[in-house]
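Read through the structures below before going on.
Look for subunit A in each of the two complexes below; its partner is subunit B in the first and subunit C in the second.
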Partner chain A sequence: MVDPSITPPTETTRPGRTAAVSPERPRLFTWRDFVIPLVVAAAVGAEVYYLNTADLSKIVEAQMTFDRIMDSTVEHIQLALAVTGLVLAIAIPLGVAVTRVRWLEPVALLVANTGQAVPSIGLVAIVALLWDIGFWPVVVALTLFAVLPVLRNTIVGLDQIDLGIKDAARGMGMSPSGVLFRVELPLAVPVIAAGARTALVLAVATIPIGYFVGAGGLGDQLMQGIKLSRNQQMFAAALFVACLALILDWLGGVVERLLTPAGIR
Partner chain B sequence: MSERTNRHLESGAGLPIKLIDVTKTYPGMTVNAVDEISMEIEAGEIVVLVGPSGCGKTTTMRMINRLIEPTSGQIFIGDDDVMGLNEVELRRRIGYVIQQIGLFPHLTIAANIALVPRMLKWERKRIAERVDELLALVGLEPGDFRDRYPRQLSGGQQQRIGVARALAADPPLMLMDEPFGAVDPITRERLQNEFLGLQEQLKKTIVFVTHDFDEAIKMGDRIAVLRAGSHIAQLASPEEILRSPADDFVAGFVGEAATLKSLALHRLAKDDLAPPVEERAGLPEVPLGASLRDAVDAMLESGHDVVRVMENGQSCGSVRMSDLLARGSKAAANGAAARAGSAETGDPSS
Partner chain C sequence: MTRGRRVYATAFAAVVGLAATGLAGCGLEEKDETTDVEAGSVDPTALEGVTVTVGSKDFDEQLIIGQLTLQMLSAAGADVVDETNIQGTNASRQALVTGAVDVYWDYTGTGWINHLGHDEPIPDTQELYEAVRQEDLEENGLVWGQYAPMNNTYALAVTQEFSDENDITTSSDMAEFAAANPDEATVCLESEFAGRPDGWDGFQRAYGMSIPDGNITEVGTGVVYTELDKGERCNFGEVFTTDGRIAALDLVPLEDDKSFFPIYAVCPIVTEETDNEHPEILEVLAPLAETLDTETMTELNAQKSAEGLKEEDIARDYLQEQGFIE
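Moving on to the complex of A and B:
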């Protein structure tokens, strides 16, 4: 009898064989995936060029220094990430709970729907009245506003998994938590991530209303521009918010693809 | 207790299963989905549960690994009362194959097969060896397939992986719910044959659910024909059921052409062959081990009344239509006698 440790059978069949399989695997990124960042970079570059060369009023020039815009942008990103993080931390466990305890579904969806149905500016005002102004109150208000897409997508993402897959998982002896973490959640990643990106874009686009309660971010520039009819400032801030939403959504897409298990990509 | 249990359930060869008055009642239903079924399944045999949809055959099967909890009754695997075992550990030691296959699309073929051994904390090396062994066992080149994902496989290949995955930890028993129901007829036939070949080596105890009586005849050592409520209409060998169905319900399920179907059960063996005949142009040939049905088919197709039975390229005998007809008239006489007998005793269940 041949000692299996000398010639492991796993190696003998390998060379050449695996190479035949790999071309079937789609490449993770193609040139199309870089269109959005290029467009965004071009738009931002053009705007920056315009601001540097155009004949701006002294006040606008003082408001729109590079440092101030950078600070606002960083603040804006912090707000958006805080909102999205909080949304994920609430919506995913809630979505999982809903798919296990079915009567929770109408209750959870009612709350989430209300959060989105109430005008966001009203939500911000209510939270400010009840609690405080500043960074965190705005984050909490916008979290209520943006929780719905992630909650709904978590529920849909878990529900759409083939019943046979869940049955096989249970039938093979996976524990309920094993089925959830090793089968259901990995398979629901693309759908949940799509919801998370929607929430992220909602957050970026809605954060400017936090200006009214001192949240910071690009909203300050935007609202000043609107209120004082400084069109150049308003346009620049609006463009930067839009570009930020696009680029964060794109980054979200990259993360989504990295998180999606290779077999279902 | 659990020590002993584990040792028992880990041994690869089959264990007997015993159902005693097993009942499942769903809340709000007045009729039991499964009503006091009792049945003994011997170690190493394939028992097919067959019956119309909704008769409770799948429910009965799923109570054995407690995917459905029985309302009352007892189920024993070997000497162990299933209700006394941890359900998750119980299932890890019972192979489970279903029609939808249920491969995990996000895991490679190797990871799919390795799932139960991993949960049982086998060593890495042992798992890798087992995966390759099983791939070879179900006829798929390990080097070619282990790193693929399920969606890169055909339906038939996927179901082979489904069987390999169920066999991974060498469970003493397997539950199979219409395992070959989702593939095309040609692939199904091939998978059935392969599986029967495997079973000859493995000797698992298998509970096999199907609604297809022809599949039941082919796969079963014994067949339990079930009517609504999982009541056993007849539990017997395929030959017995074809020869003398217990009542009209079973006869209806057997369907027309029972004799023709029984030909498929009879494999050609050297002992019952007529002497070889010489080769002639157009004379049909079938391999030794083919069924009588294949032989008759060959004769009907070629228009000859004799078929040569081949072994290793040589004729080792023949089958003659005239012999079959002679045997048929004898069997018919026996069958009529048997039916007359059962009518006299008066079966209370019918």
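Moving on to the complex of A and C:
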């Protein structure tokens, strides 16, 4: 006889199934996620409209043409991505190494802290003196500057993982590298990503310093506006740099959202 | 942590904090008391009892002019305060406008384009001086004093070797070279020159050049000289004609044979109130200004940039030579 109090398993209540079809599962992206891009688009649009219609000084008109601004913005993005890529390539492996080889921690953190404590313009000057001017020396200098947040966050992100989880993974037969790549790093993604986004924003905002050694980017327009006391140009360039930082940070957030494993999203 | 430990830790932190703050002051030296001078041909009573704060920008020529001013005014009996070495043109001008300094020297070209916001340069020296003097007085209440006949304007320069190899001594030679060897026509500029109408664009137009943007590297002012010297990134560079590094690095400024670059004279500037209360300030500085021609200024700059002498000593020696002070 079937006991009426026992309900047979159905699609939605079978044990072991995650909430893949549960209606309460949050969507990956909501409308709130698009506020930042919209605000940025509005700000850029307003500034472009202003530059096209307002009574500009001839110098500003000649310097803030669409071509020049686009070239500078592209250079700026290239610099920012190069710095971020280099920072991630250095800081994440280093962070992992530090959690394995504990005595590395004070050494690594000392270097990273110094990199951020030394004034960025001094870093750029030192690297330019010892090496060369141009794109890559500025990238290296700014990498030294931005390594700290990512390194710190990698260490913290990996350290705060419950030891029981790692134990369980080993117990399931995973190799140490398996534990690292399939358990530890995915769990640490939110913290690491937060550090990476900080580094990216720092990089974008500090790139204008590289102007002095010919790095390019929107720093050219910004510094020129400052030197020539042309406020319209100064403001426009600064606004574009800020918008660029916001957009890249937003993209970082999107990437973070996509990389975070479903279980902890 | 136990309570005792916590108290100890707090006390320790407080002591370290105070010590660090106190020690932070140790790095600062007292400014040199080098403005004790005896008047020569300067009237020692002209500015007796008057306190004058002297500002200047942060590059060598301005530092030397600042020291010359300090010592001249001190010889005239003033109590001088040294606020030279202000970072940047804008900050220097602002210091005068807000009253942080009483006098500083600026260039007529810079005044016309940067401060007064004009886009078209005036090629004639005297006309430019008068236009700037009039407008700055009317609009901003600033008085420009007697200008020095020196010409610190822009020039394109090359290294001595490059000049010898390719027989380039004038800007027209540069135009010919650029037309014949477009790949080797690489230029280092700094951004102010690149943006000004009396700068790169106008220069190219005047000499019929059109060097592609890819051949141009924009860097900070000082880096132009070192990059030119290195010779890898640019063969031509934008320099200031009285800069001491031209001599130090054996550079050859190209002659402006089409007279494109305006002549930028340097003048002391004070506010209207200062001039009304103490017209002697500009009067005392006028004879000094008259002696500073291009050769003299370049020579003084070279003493600093090339020989590394201190600006106070350079100023003192020069003023003694000229008989302004004992």
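Everything below uses one rule, namely that the second predicted complex is superposed on the first by the 244 of 265 C-alpha atoms of A that agree within 3 Å, B and C clash if a C-alpha of one lies under 4 Å from a C-alpha of the other, contacts with A are read in each partner's own complex, and residues count from 1 in each chain.
Keep this in mind: a contact is a pair of C-beta atoms (placed from the backbone, for glycine too) under 8 Å apart; a residue touches a chain by one contact, two chains touch by 3 or more.
Predicted model, so just to flag it, every value in this text is computed and none were measured.
J.: Please work out whether A:Arg100 is in contact with subunit B alone, subunit C alone, both, or neither, and reply first, second, both or neither.
T.: neither
J.: Of the partners subunit B and subunit C, which touch A:Val183 in the superposed model: first, second, both, neither?
T.: A:Val183 sits against subunit B, while subunit C stays out of touch.
J.: Just subunit B (first), just subunit C (second), both, or neither: which does A:Ile133 touch?
T.: After superposing on A, A:Ile133 lies in contact with subunit C but is clear of subunit B.
J.: Tell me the contact category for A:Ser57 with respect to subunit B and subunit C: first, second, both or neither.
T.: After superposing on A, A:Ser57 lies in contact with subunit C but is clear of subunit B.
J.: Based on the superposed arrangement, let me know which partner A:Met174 touches: subunit B (first), subunit C (second), both, or neither?
T.: First partner only, subunit B.
J.: State whether subunit B or subunit C is in contact with more residues of subunit A in the superposed arrangement.
T.: B
J.: Indicate the residue numbers of subunit A shared between its subunit B interface and its subunit C interface, in ascending order.
T.: Subunit A residues touching both partners: none found.
J.: Which residues of subunit A touch subunit B in their complex?
T.: 4, 9-10, 12-14, 17-18, 20-21, 24, 162-175, 178, 183, 186-187, 261-264
J.: Write out the stretch or stretches of subunit C touching subunit A in their complex.
T.: 88-90, 113-115, 117, 119-120, 188, 191-192, 194-197, 201, 217-220, 223, 227, 233
J.: Which positions of subunit B touch subunit A when the two form their complex?
T.: Against subunit A, subunit B makes touches at 65, 67, 88-94, 96, 98-108, 115-116, 119, 128-129, 132, 141-144, 147-152, 162, 165-166, 175.
J.: Can you name the residues of subunit A that touch subunit C in the complex?
T.: 57-59, 62-63, 128, 133-134, 211-214, 216, 220, 223-224, 226-229
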